[in-house]
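Order of writing sets the labels: A, B and C. Residues in every chain begin at 1.
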Amino acid sequence: MQLVAEALTSIRGGRTLFSGLSFAVGAGEALVLTGPNGAGKTTLIRTIAGFLTPASGRFRLEPGDAEHSLGEQCHYVGHLNAIKSGLSVEENAAFWCGFLGGMPSRIQPALAAFGLTGLRDIPAAYLSAGQKRRLGLSRLLLAERPLWLLDEPTVSLDRASQEMLTGAMEGHLAAGGLVVVATHTPLALSQSRELRLGGATSEPARPA
Amino acid sequence: MQTLTQSLANPTRFLALSARLLPWIAAASALVIAIGLGLVFTAPPDYQMGHTVKIMFVHVPAAWLSMFVYALIAVSSFGLLVFRHPLADVSAKAAAPLGAAFTFLALVTGMLWGKPMWGAFWVWDPRLTSVLLLFFLYLGLIALRSSIDEEALAAKLTATLSLVGIVILPVIKFSVDWNSLHQPASVMRLGAPTIHASLLWPLLVMAAGMTLLFAALHVKAMRNEILRRRVKALRAFAADAAGGLAGQAAG
Amino acid sequence: MSALMRPFWQLVRRDVSLAWKDGGAIGVALGFYLMVVTLLPLGIGPDLALLTRIAPGVLWVALLLAALLSLARMFETDLEDGSLEVLATGPLPLVAIAAAKSLAHWITTGLPLTVLAPVLGLLLNLPPEGYGVLVASMLAGTPAVSFVGAVGAALTLRTRRGGLLLALLMLPLFVPTLIFGIDTVREAILNSAAFWPAFLILSAISLTALVLAPIAAAAALRFQLQQ
């Protein structure tokens, strides 16, 4: 399985963020997006997730699943955690597990992998920023999706928590999954390539 | 029709074409309205209503236009969402305040006509009530667009709202008519005056003149909007270029 | 299709349980309903015959206002905490997500208000023939309020003055449901033949809203996510 992008061009607010971008990510590979703020890392990730349409170009997962859009075959973890303060840690996890189509047996291992077992019954409102981030990241293990799209996943995470994340990512890669991750901090991943955005490919669009 | 919209799709060509046509449209509208007003003032007074019936010659065309402009906005919105026509949003954005103005004109002239007829400025006559609700739909479009900063998002959301509105409009009209039928305190119905030929011509001429007036104002507003967007894009480009130079100088 | 029903009901259940735990939202809507219906006779005076005449109208209008209070928040929290994006990557199409949240809004706002309405009818001297019909009309009409309201909620996400703008947008869109809802009750009290057409049209409007409104709401949500 691989993710293939061909000549992706994105224009947002009159600015060309990237143009003619092509890349391929193979099974077991992580593509690390680097570059300054505003370079288009978030835009690229959100485009692959299906929220934004590129101005031109195509991308696809090979082999494709005709029944599901690409967005449905990925885990998207953006800047926000997608957790509800009114629900407990376990209730949050149980909801996403059920909604995203995972088996309930995955809930406890997912919470354990991110060190949240002891916080199971705590309402999410009482969690610290790092704990909330970990709860959001635990979503990655609640359901099986081939492609992980991560946008600055290490924000609010201390060293130990970052290792939980890289552990989960390594496990996913070892099982043949794909990862596209935008990050400022270096991630110690075994199989990763860097794609730097925000260089010559980014320029303001000339007005018509 | 297809090739016309295609040929106008390019904003530059639209600007060039409209620059040539606009003076003619404006002149035609002034001429037709002048003729219409002449016909209005020489038309015979109505047997029952006297000269006050002549407000109809502004009220009825204004009401027609208020509905026509909304339909135009709906078509433009469809053009934006389905065909991504480059001028669709410009057309919709320019038309909304104009449509609201004609609707307001219809409301005010309706009230001025109603006072001598019914003794009160507002009696919830079904037709005026429908126009009032149409006025709220226009206000909603304008308010929604003005409260969203990102222009692309504002365009799409406003287009969605106008399409929802055009679907609901017949239902609103039907429900307001139903309401006036079943109200126990029945409202004095505003009977449509029987149109004699002597009254029909002034009406049609005024309608044509006011439609031309709308066309002239709409084209002008579209030109303004296109130019405004260009200025904005040029400023953004200049800011980026300056930022790049400064970055190079510093780095 | 059945594969979609499970996540659909999970989403409905989550929203209902969140609203229930929050408690405040349902309480505010009910409290507002009570307040408006109480203040009106105080303002108009205890002319019982007059109150009877205006009771159907007041009960419906106040219900719309109370429902409006919670509409603005329908998608707000999900957008703010990032849940909406993750929901969009799930098995449910956006149309189904919009429908699920509209249904949850009806359960947590429309239904409680409908239950309170006959109680408030007592305050307005609603005649005995009116109570059953009042509840029936609201059961038939409040789905339209929630589902059409969802369109407004999706359009006004993230805008300044969102609540005020929502009220302005919803005003014309609620008029058909309002008119036929009130007329259903009024005609039933008068025991007139126009009751059935009014009730059927009211139900038809709601059913149409159930189908069409989520499409518009989903389109608006998609545009909002593109930001």
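Going forward, a residue touches a chain if its C-beta (ideal position, glycine included) is under 8 Å from a C-beta of that chain, and two chains touch if they have at least 3 such contacts.
Here the structure is a predicted model, which means the values were calculated and not measured.
A.B. asks: Measuring from the mean of all protein Cα atoms shown, which chain centre lies nearest?
C.D. replies: C
A.B. asks: Please indicate which chain is farthest from subunit B, where distance is taken between mean Cα coordinates of the chains.
C.D. replies: It is A whose centre lies farthest from that of subunit B.
A.B. asks: From the C-alpha centre of subunit A to that of subunit B, how far is it in Å?
C.D. replies: 46
A.B. asks: Between subunit A and subunit C, what is the gap in Å from one C-alpha centre to the other?
C.D. replies: So the centroids are 37 Å from each other.
A.B. asks: Between subunit B and subunit C, what's the gap in Å when you average each chain's C-alpha atoms?
C.D. replies: Here subunit B and subunit C have centroids separated by 31 Å.
A.B. asks: Multi-chain contacts only, two chains or more: what residues does subunit A have there?
C.D. replies: Correct list: empty.
A.B. asks: Residues touching two or more other chains, restricted to subunit C: which are they?
C.D. replies: Those would be 226.
A.B. asks: Which subunit B residues reach two or more other chains?
C.D. replies: In subunit B, the residues touching two or more other chains are 150, 152.
A.B. asks: What residues of subunit C sit close enough to touch subunit B in their complex?
C.D. replies: Those residues of subunit C that touch subunit B are 151, 155-156, 158-162, 165, 168-169, 171-173, 175-176, 179-180, 183, 186-187, 190, 194, 198, 201, 205, 212, 216, 219-220, 223-224, 226-227.
A.B. asks: Could you please specify the touching residues of subunit B with respect to subunit C in the complex?
C.D. replies: Interface residues on subunit B, with respect to subunit C: 81, 133-134, 136-137, 139-140, 143-144, 147-148, 150, 152-153, 156-157, 160-161, 163-165, 167-168, 171-172, 174-176, 178-179, 182, 184.
A.B. asks: Which residues of subunit A touch subunit C in their complex?
C.D. replies: That would be residues 49-53, 71-72, 74-76, 78-87, 95-96, 98-101, 136, 139 of subunit A.
A.B. asks: Spell out the part of subunit C that touches subunit A in their complex, as residue ranges.
C.D. replies: These residues of subunit C touch subunit A: 6-7, 10-11, 14, 17-18, 21-22, 77, 80-83, 85-92, 225-226.
A.B. asks: Across the complex, what residues on subunit A touch subunit B?
C.D. replies: 13-15, 204-208
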